[in-house]
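Chains: A, B and C, in written order; residue numbering restarts at 1 for each.
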Amino acid sequence: MSFPWAQQYKPQSTVMQWVDERLPLPRLVYNAVGAGYPVPRNLNYFWNFGVLAGVALVIQIVTGIVLAMHYYASIDGAFNSVEHIMRDVNAGWFLRYAHMNGASFFFIVVYIHIFRGLFYGSYKAPREMIWLLGVTIFLLMMATAFMGYVLPWGQMSFWGAQVITGFFSAIPLVGEPLRQWLLGGFAPDQAALNRFFSLHYLMPFVIAGVIILHVWALHIPGSSNPTGVSVKGEQDTVPFHPYYTAKDGFGLGIFLIAFVVVTFFAPNLLGHPDNYIPANPLSTPAHIVPEWYFLPFYAILKAFTVDFAIPFTGIILVPAKLMGVLAMFGSILLLFFLPWLDTSPVRSGHYRPLFRKFFWFGLIPCLVVLTYVGAQPPYTQWVVLSQLGAAYYFAHFLIILPIISRIERPLPLPNSITEAVTGKPLQTEAVAETPLRPAVA
Amino acid sequence: MVRLVAFLVGVFFSGMLLLGLGDTVITAIKEPAVPTAEHDFYEKPLAVSFAHDGPLGKFDRGQLQRGLKVYSEVCAACHGLSLVSFRNFADLGYSEDEVKAIAKGWKTEVPTINPETGEPATRPAIPADRIPSPFANEVAARAANNNALPPDLSLITKARADGPAYVYSLLLGYREQVGYKNAEGKELLKEFPEAATPPGLNFNPWFATLNIAMAQPISADDQVTYDDGTKATQEQMAKDVSAFLTWTAEPKLENRKSAGWAALGFLIIFTGLAWMSYKTIWAGKKH
Amino acid sequence: MATVKDTTGTPKAPRKATAKAAAGNDAPVMNGVPMETATKDGEGVRRRDFIHIATVSFAGVGAAAVAVPLVSQMSASADVLALASIEVDVAAIQPGQSIKTSWRKQPVFIRNLTPEEIAEANKVAAGGLRDPQTLAERTQPGKENWLITLGVCTHLGCVPLGAAAGEVKGEYGGYFCPCHGSHYDTAGRIRKGPAPTNLVVPEFAFISDTIVKIG
């Protein structure tokens, strides 16, 4: 589907026409990211991050493929092969640092993209499918990043693999066999490393496939916008190309500057020193922490300290460890239900005074706190903060959002995107942008 | 239905967390955390600056050569440098012949086999060889060091937080434990009488557990004689070897920074052009 | 480039229209047909086109620059290049014997020629050969009995036979490649079969009486 006023693809040459008639790929690209895709004219810079996430994936795939030409997935050789890349392979240090920091930047971009969606209600009808596919991509990314972090076979790689697969052992009955099945042994070893490498290579292409579905689903209703008001007519949109290709080009420049600054001047800023120590199955690092992008979830995992038990009987219904694991997975899975938890008909947080307060003064601080305490040792003050933060996180999505959707009185919405942009009532502007403009002037 | 289930799940998780919070607070009041010597007396690395610091920093070749001398005369007896090859010393400013001479004269020879008999043997190193480890294997290393394993130093400055400063501080951090006071004036053995260093270990507040197996390696001025005439004070030797170990961990540091400036310069121009392009295209279009 | 040029016309039209409308200029010019306005405003179009072209070209240069490390990472790494020379002790090789050793991960034949083999090699008029070379050109002066060649057939890269005891030496008493039947003589020169050139003699030098440095 597209808007009726979308520009039609016209081949620029006989060659393109020949191709288009046989395989309408040029047409597909034109309608997807070219002039044939009408986009609301009022998108702000937060709408750059979808394209940037795509760029980040491309960076990861390209650098990853070349790194795989030098890496060997062997418990004796993996660490040294990474150092061989860093020291002897031509430009290897650049490729490895770019891949390592590229993962972090991929997550930064995707987190901003997700928060954009959360604030502007991009998950609401008719865009639920885009959101569901997006959360799926996020889950796949987390799995890919985790397995990638294991590959250098440093101390954090090894103990990260040990701890994360340990989650599964919390599951009653099948937990331990499941964990052994995942690892192909009793502890992370050659079998685990090999399969993680295989899957780490495969998953980005699965992600790319789901991204195609995500973008396809996006093109059914078209892009959302900061007002949350649906597109009413041609005056509300501009063609993607050149308007948003140009804006994305500028956004890409800013993104790459940030990426280059970290990759070339502080490449180990976001990593952990312990991963420069070769894996040692006999000695655990003093303080195991995951990569920064997993910290909020790690904080939620650690926040559960009491068993769910029948008081005074000592019968434990759900042990704290299992609850932590369930909550950690639950904290991501609940995002799948978001379109049905937030029932407010108003999409954009701009016009939702109560929602906006909870977003800026509840959810964002809560995640900042969780990220911070996720990296801290289990001292009382950090445990208390993590418990407060995690409690708010679940309350926000599962209790507060459904309630404020009911009781909130939204601010008046603009009649159209154009009205919101120009501040003029719809009629005048609608006329002003048609060829009849002289009559108005 | 979705919202009802969500509400119940939310109440359950949040409720359990708040219960846990209560539990944490009560436990903290009932059994307050016991202070530990490691927590109260561990010292953060000292502030030290190097020529290679900062986005424009470059290695000081003379310092790296002095650091190599400290490493080879002091550290190399116990610590390996297994990721570095002799040929890499050309980066320190040595000529091809000098590198060959360093390799040939290295105290530890390269393990090989006797081509006639197949018996284990050693041969002098050549530039293509990695620096040979002082011990044949971990068991041998532990046996020679009171069951402590001297870590390989190739990546040590990247494998420790604030690595170069950590190495520098650790080398200079050996103290007499009796009567030792920290900056706040607290005396260790008065506060924690049980924290006395066990025999076989050495007191060093810049080490995480305060007690390190390594005996003080740099203990006197002029322990090493520098070829360039620099006075070999203890600080100088510690600093030089820290700089050298920064190089062993990140030999491409200079390439990285110069490539970074080129990339940054390019991207700033590109972004400026893209911005002008963007503004031109959107000119007059309210958004 | 074509797309950039084409599309600039569209967005610039409203700007002109708005600007003129704000200035309260005459209406007829602002008929809202983009292409028409674009052609009238020649100077502006060229300047704007220049910006878009510069931006896109710059992006292209950047992409090309990024391709350099992606391509160069595949060429031999520093540790591989460091192994480019080896030293071999040849003291134990008796006349008539040869050994195989490995240089740059390729086999190298080191052969101590007997006087008869040297004589046989020198008997042939070099000019009549497929790849004319004399034995003297393929060995070091004073060390003519030491024939050092790569053990790689110049046809398609198989390892010829003849270096190890008991192997077929071919019709000319040198080496014989079993893959496609190339025969080399006692100077390692191609004499029969499909190989186009003689066995390659690597750069080598005797650094002592018995130690030869290859590469």
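Here is the rule we use: contacts are C-beta pairs under 8 Å (C-beta built on N, C-alpha and C of every residue); 3 or more make two chains touch, one makes a residue touch a chain.
All of these numbers come straight from a predicted model, not from anything done at the bench.
Asker: Centre-to-centre on C-alpha atoms, which chain is most distant from chain A?
Answerer: Of all the other chains, the one whose centre lies farthest from chain A is C.
Asker: Tell me which of B-C and A-C has more C-beta pairs in contact.
Answerer: A-C
Asker: I'd like the most central chain, judged by C-alpha centroids against the all-protein C-alpha centroid.
Answerer: Chain closest to the assembly's C-alpha mean: A.
Asker: In whole angstrom, what separates the CA-based centres of chain A and chain B?
Answerer: Each chain's C-alpha centroid was found; their separation is 33 Å.
Asker: How big is the gap, in whole Å, between where the Cα atoms of chain B centre and where those of chain C centre?
Answerer: Their C-alpha centroids are separated by 40 Å.
Asker: Chain A to chain C: how many Å between their CA centres?
Answerer: 43
Asker: What positions in chain A touch 2 or more of the other chains?
Answerer: Correct list: 87, 94, 238, 242-243, 249.
Asker: What parts of chain C, by residue number, touch at least two of the other chains?
Answerer: Chain C, residues with two or more chain partners: 8, 11, 14, 17, 52, 55, 59, 78-79.
Asker: Using the touch rule from the top of the page, what residues of chain B touch 2 or more other chains?
Answerer: Residues 267, 270, 274, 277, 281-282, 285 of chain B touch two or more partner chains.
Asker: Which bits of chain C are touching chain A when the two form their complex?
Answerer: Against chain A, the touching part of chain C is residues 2-4, 6-8, 10-11, 14, 17, 21, 27-28, 30-33, 52, 55, 59, 68-70, 72-75, 77-80.
Asker: Quick check on the complex: what are the chain C residues that touch chain B?
Answerer: For chain C paired with chain B, touching residues are 8, 11-12, 14-19, 48, 51-52, 54-55, 58-59, 61-62, 65, 78-79, 82-83, 89.
Asker: Which residues of chain B touch chain C in their complex?
Answerer: Going through chain B, the ones touching chain C are 85, 87, 115, 127-128, 266-267, 269-270, 273-274, 276-277, 280-285.
Asker: Applying the document's contact rule, which stretches of chain A touch chain C when the two form their complex?
Answerer: Counting only chain A, the residues touching chain C are 12, 35, 62, 66, 69-70, 84, 87-92, 94-95, 238-239, 241-243, 249, 433-435, 437-438, 441.
Asker: Within their complex, state which residues of chain A touch chain B.
Answerer: Listed in rising order, the residues are 41-43, 80, 83, 86-87, 93-94, 97, 238, 242-243, 246-247, 249-250, 252-254, 256-257, 260-261, 263-265, 267-268, 273-274, 276-277, 286, 303-306, 308, 320, 323, 327, 330, 334, 337, 340-341, 343, 379-380, 383-384, 387-388, 390-392, 394-395, 397-399, 402, 421-422.
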